[in-house]
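Look at the two complexes coming up: subunit A is in both, with subunit B in one and subunit C in the other.
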Partner chain A sequence: MTETEQPPRTRQDFENTLDQSDKRVASFESKHSGFMDRAQHFLHGNPTMVPVIVLMISLLIFGVIANNFFSAFNLSLIMQQVSIIGMLAAAQSLVIITAGIDLSVAAIMVLCSVVAGKLAVELGVPSIIALPMSFILGAACGWLNGFLITRIKLPPFITTLGTWNVFYALILYFSGAQSIRGADIDANAPFLKFFGNSIPIGGAQITYGSILMVLIFVVLWFMLNKTAWGRHVYAVGDDKDAAELAGIQTNKVLLSVYVLAGLICAIAGWASIGRVGSISPQSFYEGNLNSITAVVIGGISLFGGRGSIMGALFGALIVGVFQSGLRLAGVDVLWQVFATGWLIILAVAIDQWIRKVSA
Partner chain B sequence: MRFNKKFALLAGVAVLSMGGAASAQDAVGACLITKTDTNPFFAKMKEGAVAAAEENGIELSTYAGKIDGDVETQVAAIETCMASGAKGILITPSDSRALAPAIEQARNAGALVIALDTPFEPADTADATFATDNFKAGELIGQWAAATLGDAAADAKIAFLDLNPSQVSVDYLRDQGFMQGFGIDIKEPTRIGDEDDARIVGHDVTDGNEDGGRTAMENLLQQNPEINVVYTINEPAAAGAYEALKAMGKDSQATIVSIDGGCPGVQNVKDGVIGATSMQFPLLMASEGIKAIKAFADSGEKPANSEGLDFFNTGVTLVTDKPVDGIESITSEEALTQCWG
Partner chain C sequence: MSTPVLKARGLVKRYGRVTALDHADFDLYPGEILAVIGDNGAGKSSLIKAISGAVQPDEGVIELDGKPVQFGSPMEGRQAGIETVYQNLALSPALSIADNMFMGREIRKEGFAGKWLKQLDQAQMRKIAREKLSELGLMTIQNIDQPVETLSGGQRQGVAVARAAAFGSKVVILDEPTAALGVKESRKVLELILDVKSRGLPIVLISHNMPHVFEVADRIHVHRLGRRHAVIRPGDYTMSDAVAFMTGAKDPPPDNEAA
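And now, the complex of A and B:
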C-alpha cells in the first residue's frame, strides 16, 4: 500500500463564511431557564413529588410548633387515623384516574361492614364466611356503578350520587339504625376486629389496618404501572376515544375499575370495624368527600389519566398531619376545617399550573 | 325505546306516591321532622309519634335530614308539610337558629310548631318545646363524676367530647351542665371553650358517632395522657372514646360519662364501659307532642311550659351501677326496660 501525498486542500470561500454561522442542531425554542420553570418541568415529570414535598414541610413545621407531635407514637397514630380514609382514597384514585368519580365509596364500605356484622355477630355465621360475603357485596355494589356508567351511559357523578343514597338507605335498613357494640363483636366474632390489632415498635403502635392501607397502595401501584391493565386504565382516563381506537375495550376496563373499587371498599369496611371498635351506621358519612380530598391533595388530576396512586396515600397523610398538628398546637376545630379547605384549593391550583407545562 | 319506558315507570311511581300523600287532606295532618333517620333516638321518637297519631286519629307524615346539621332538607320538609296543609309540626331542629324563618312562615300559616328534644334560639321561635332538660342531664353526670372521684376531683384531668364545631344548643347545654355539676366555673353558659379551669384538658368534636369519638379521644390523650374523666355528648361517642382508651391501655384510669339512654349505651353502663349516663325519653316527647297538636286542632289551645323552665320537661334519669349518696339514680338493669332503640 502506498500513501500518495495529497496537496493541502484550500478552503473555499463559502466555508469561511459557514464557520461564523450557527452550528446548533435544530431544537425547540427553550424558555425554561428560571428556577420556577425548571421546577414546573420537574413536577410535570414527577407529579407525586408535590404531595411528598408538602408532607415533608408540614411534618417539619408541626414538629417545631406542636408539642409531642414528633413522637413515634403520634406518627403511628396519624397513620391509624387516616388508614380508613386512605383505603377509600385508594379506591377513589382508581376511579378518578379513569376521569370518573365515585361518591358512593364510603356508603359501600359502611354497608359491607354492617352486613358482615349482622351476619357474623347477630346471625352467628362464621367470620370466614361472613367476610367474603361482604366482599362479594362490595364488588357487586361496584359492579352496579360500573354497569350504569358503561351500559346505561350515565355520567359517573350522577350514577354514584344515586347509588350513594341507595346504599345509605340499605345501611339503615340492615342495621336498623343501630350500632353493633364492641363487646358483642368481641364475644361473637372477634375476627372482625382483626385489623385493630397492632404491633408495638418502640413507642409506635402500628395497627394491622395501617399496614393493610400501605399494602393496598403498593399492590395498586404495581397493577397500574406494571401491567397492561394498568396502562389501559390510564389510557381510558386520558382519552377514552383514542383508547378505544387503539383497540382497548374501554367499557370492560371501566367496569373492572368500579368492581375493584367496590371490593377495596368492602375490605376497608372490615378494617373499619377494627379501627372504630364497633359497627356504626352513622360513621364515615363524609368519607366519600374526605377520600376525594385526599386524592386531590395527592396531585391526581380530576380530569383523569394523570397522577400516581401513591399521591393519594400522601394526600391522606397530609390531611392527617394537618389535623393532628393543628390539634396538638391547640388550634380550634374550625381552623382545621379551614386549613383543609385551603389545602384542596392549593393542590388543584398547583395541578393546573403543572398542566400548563406542555402548552 | 327501552330507556324511556323505564323512565315512564319511575315517573308513574312518583305520581302514585304523591297521590298517597294528598289523600291525607281530610283528617288532621301532622308532620314529624327529625334530624336524621340514623339515630335510634329519632326512631324511638317516630315510634311514639306514630302510635300516638293512630290513637288520636291524626294523619302523620315523617321526614328526616340526612345528617345532623342538615338544614336544607329540614327547610324543604317544613315547606312540603305546609303545602300538604298540616295542622302541626313536630321538629328536632338541626340548627337551633337557622330554621327560624321557615318556622315563622309555618306559624303564620296557622300551624302549631313544637320543637322536640332540641330547643330553638330563642325558644319562643316555636309555640312550645318538649325536651329533655339537657343542662340538667349534663349536671347529673357532672355531679356523679365529682362525687365518684371524691377528693381527687380537685385535680381531675377532664376531656370533653362534644358534637361539632357549630355549638348547637344541645351541645353547649350538656357540656356546660356537666361543668356546672362537676364544679367548674362555666362563664358564658352558651359558649363552650371560654372556661379557664386547669382541670380541663381540652374539647374535641365527635359528630356524635363512634368513629369521631375514637379519634377525638386519641387526640386529647395526645395532649394529656393523664385524662381520668371523659365527658361525652352521647353514647356512641362514649363507645368510641372507650376504644381509644383501651387501645392505649388506659381504660381503667378514666371514667366515662354520657347522655342519652339508648339501649346499647345502657348495656355499656352494665358492662362498665360507661360509668354513668343520663337517660332521656324521646318516645314521651313525640307522643305528648301529637296530643298537643290534637288539642290545638280541637280547641286552639296551645301547650304550656313546665314551671320555671321555658320548655315542657319530659324528664331525665341518671343510670349507673355505682350510685352515690344524694343523687337519685336507677341501675342499668332497670334502665334496660325503659331504654330506646
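And now, the complex of A and C:
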C-alpha cells in the first residue's frame, strides 16, 4: 500500500478548537481539598486502615475504662477467643472477595471436627490419619459449594444456605447428637487437642491456635497479593465478565476459592477441638454469621473485589476487644451484642462512603 | 496486494433460526486499518467474535498468515496474536493499571520465589506497563498502581488499547473504541490507533462513527445481512455513499474488492 492511496487525514471542523484546549488527557494530578476528601482517598487506597484505626481507638478506650484490660493475660485471652472465628473469617474473606458468601463455613468446621473425633476417639483411627481425612472432607464440602455455584449456576447465598442445612444434618448423623467428652479425647487421641497447647510468655498464654490463625492470614495475604491466582480472585470478584474477557478461567478460580475455604474450615475444626476441649455438635452454631461480621467490620466489601484479607483479622480482633472490654467494664452481655450490631452497620456505611470516591 | 494477515471465507454462524453470519468473507492486510461498518444486526459483532475466537463459526475457514486456524476460546485467539479491545474494555475497576495490563499473563519471579511460592515479579510488571503506556504517549500516567476506576473514560480506553498493542503480535481488534467518549478523548484514542498502526500492527476498527471511520481507515468493510456487502476506500466514496451501501439503498460498486 503506497502513501498516495491514503485518504486525506482531515479532522472534523468542530475539532479544530481542540488545539487551544487543555492537552493533559492522561494527567493524574489530584486536586483534593479538605480533610474529608483526603481521608476518603487515603482509605480508598488503603482499605485496611479503617479497621486498624478502629482497633487502635477501641484498645485505647477500653485500656482507660476497663481494669486489667491491658494485662498480657487478657490480650492473649482475646487472641484465643477470636482464633476460631478468625480462621472462619479468613475462609469467609476469600469467598466474599469473589463477591460470593459462604453461610456454611461453621457447619463445615464442626462437621470436620465431629468426623475427626468419631474416627480418632471412637473408632481408634490414629489421629495422624483421621485429621487428613477430615481435611479432605472439608475440601470436598467446599468443592460441593463451588460445583453448585459454578456449574449449576446457583447464587452463592442460596447454595450455601442449603449446604449449611445439609452439613448440619450430617453433623447430627455422625455425632448422634452426642458430644465427645474432653476426657475421652485425652485418653484416646490427645493429638486432636494439639492447638489447645500454649506458650507462656510473661503473663500471656499464647495458644498454638492463636499462632495458627495468624499464620493462616499471613499465607492467604501472600497468596492474594503476590501470586497470579490472588490477582485473579480479585478480578473475578470485581467484574466477572471483564475477567472472563481478559482470559481468566473464572469458574476454575471460583471453584478453587470454595475448595480452599472448605480446607481452611477443616483446619479450624481441628483447632476448635483444642480451643473448646471437647467436640460438640452444637458448638459454633452462630459461627457463620460471626465470620461474616468479622469480614465486614474488617472493611472487605460484600460486593466483592475490594478489601484486604488482613482486614478480616483486625475485624475479628475488634469484635474480641469490644466483648472483652465491655465485659471487664462490667457491662451486661446484651450491650456487647448491641455494640457489635452497630459496629457492623458503621463498617458497611464507611465502605459505601469510601466506594463513592471520585477521580 | 500481499497476502492477508487474517482471512476468512464462507463463515456461517447460526443462533437457532437466526443466521448471524451468512457465508461472510473477511480480509485484513498487513499494516492497514480496516474499518468494519454495518447496521445494527448486520452481524458485525458475530464476525469479530468469530475471528477473535469468542464464538466458533458453524462453517467456513479462517486463516492467519495463510495458515488455517481454529480458536476454541478468546484465550486461544490471543495466544495466536489476536488482541481484542471489547466495548466494555474488560478491565477490573478496583485493580491497578499494572495488574490490569498483565491480567491473565502475569510474570513470575525467577528462582525459588517464583517457582515454588509462585510469587509475581511486580516490579518488572510495573516497569513494562509504564514503558508500554509511555510508548503510546500516555506517559503522564505517574502512578501505575492507581486503580483503573479512578481514571477517566479516555484513560481507561488508553489502558485497554495499550494492553492490546503491547501483547497483540498479529492483529488488534477495537470494538467501538470511541462510542462512549467525548470529543477530546475520541481524538486522543484516534491518535492512539494511528500510533499503533505506525508500529506495523494491522487494526480492525468497528465503529458507527462515520467521520472517525473515514478519517483513520485505509479500507472500509461494509457488512450487510450477515455477509460482506462491499469493500470501499474512503477516498473514493463519501460518507453518504457508505451509509447507502450499509443500508442497502445503493448496490455495491462494480469494482468491489469483495467480489
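As a convention for this text, the second predicted complex is superposed on the first by the 327 of 359 C-alpha atoms of A that agree within 3 Å, B and C clash if a C-alpha of one lies under 4 Å from a C-alpha of the other, contacts with A are read in each partner's own complex, and residues count from 1 in each chain.
Everything below uses one rule, namely that a contact is a pair of C-beta atoms (placed from the backbone, for glycine too) under 8 Å apart; a residue touches a chain by one contact, two chains touch by 3 or more.
The structure displayed is predicted, hence computed values, not measured ones.
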Partner chain(s) touched by A:D241 [first = subunit B, second = subunit C, both, neither]: second
First (subunit B), second (subunit C), both or neither touched by A:S198: first
Partner chain(s) touched by A:R231 [first = subunit B, second = subunit C, both, neither]: second
Touched partner set for A:A177, first subunit B, second subunit C, both or neither: first
First, second, both or neither for A:L328, with subunit B first and subunit C second: first
Partner chain in contact with A:Q81 - subunit B first, subunit C second, else both or neither: first
Contacts of A:K252 with subunit B and subunit C, given as first, second, both or neither: neither
Complex contact set, residues of subunit B against subunit A: 3, 36-40, 43, 66-67, 165, 193, 202, 204-205, 207-212, 214-215, 218-219, 222-223, 236, 239-240, 242-243, 246-248, 264, 267-268, 271, 273, 341
Subunit A contact footprint on subunit C (complex, rising order): 1, 29, 31-32, 74-75, 78, 86, 88-95, 99-100, 103-106, 108, 117-120, 122, 138, 140-143, 146-147, 149-152, 154-155, 158, 183-185, 187-188, 211, 214-218, 233-235
Residue ranges of subunit A in contact with subunit B within the complex: 67-68, 74, 77, 80-81, 84, 152, 168, 172, 176-179, 181-183, 196, 198, 205, 272, 275-278, 280-285, 324, 327-328, 330, 332-334, 337
In the complex, subunit A residues that touch subunit C: 1, 5-12, 14-15, 18, 21, 24-28, 44-45, 222, 226-229, 231-232, 234-235, 238-239, 241-243, 245-248, 305-306, 357-359
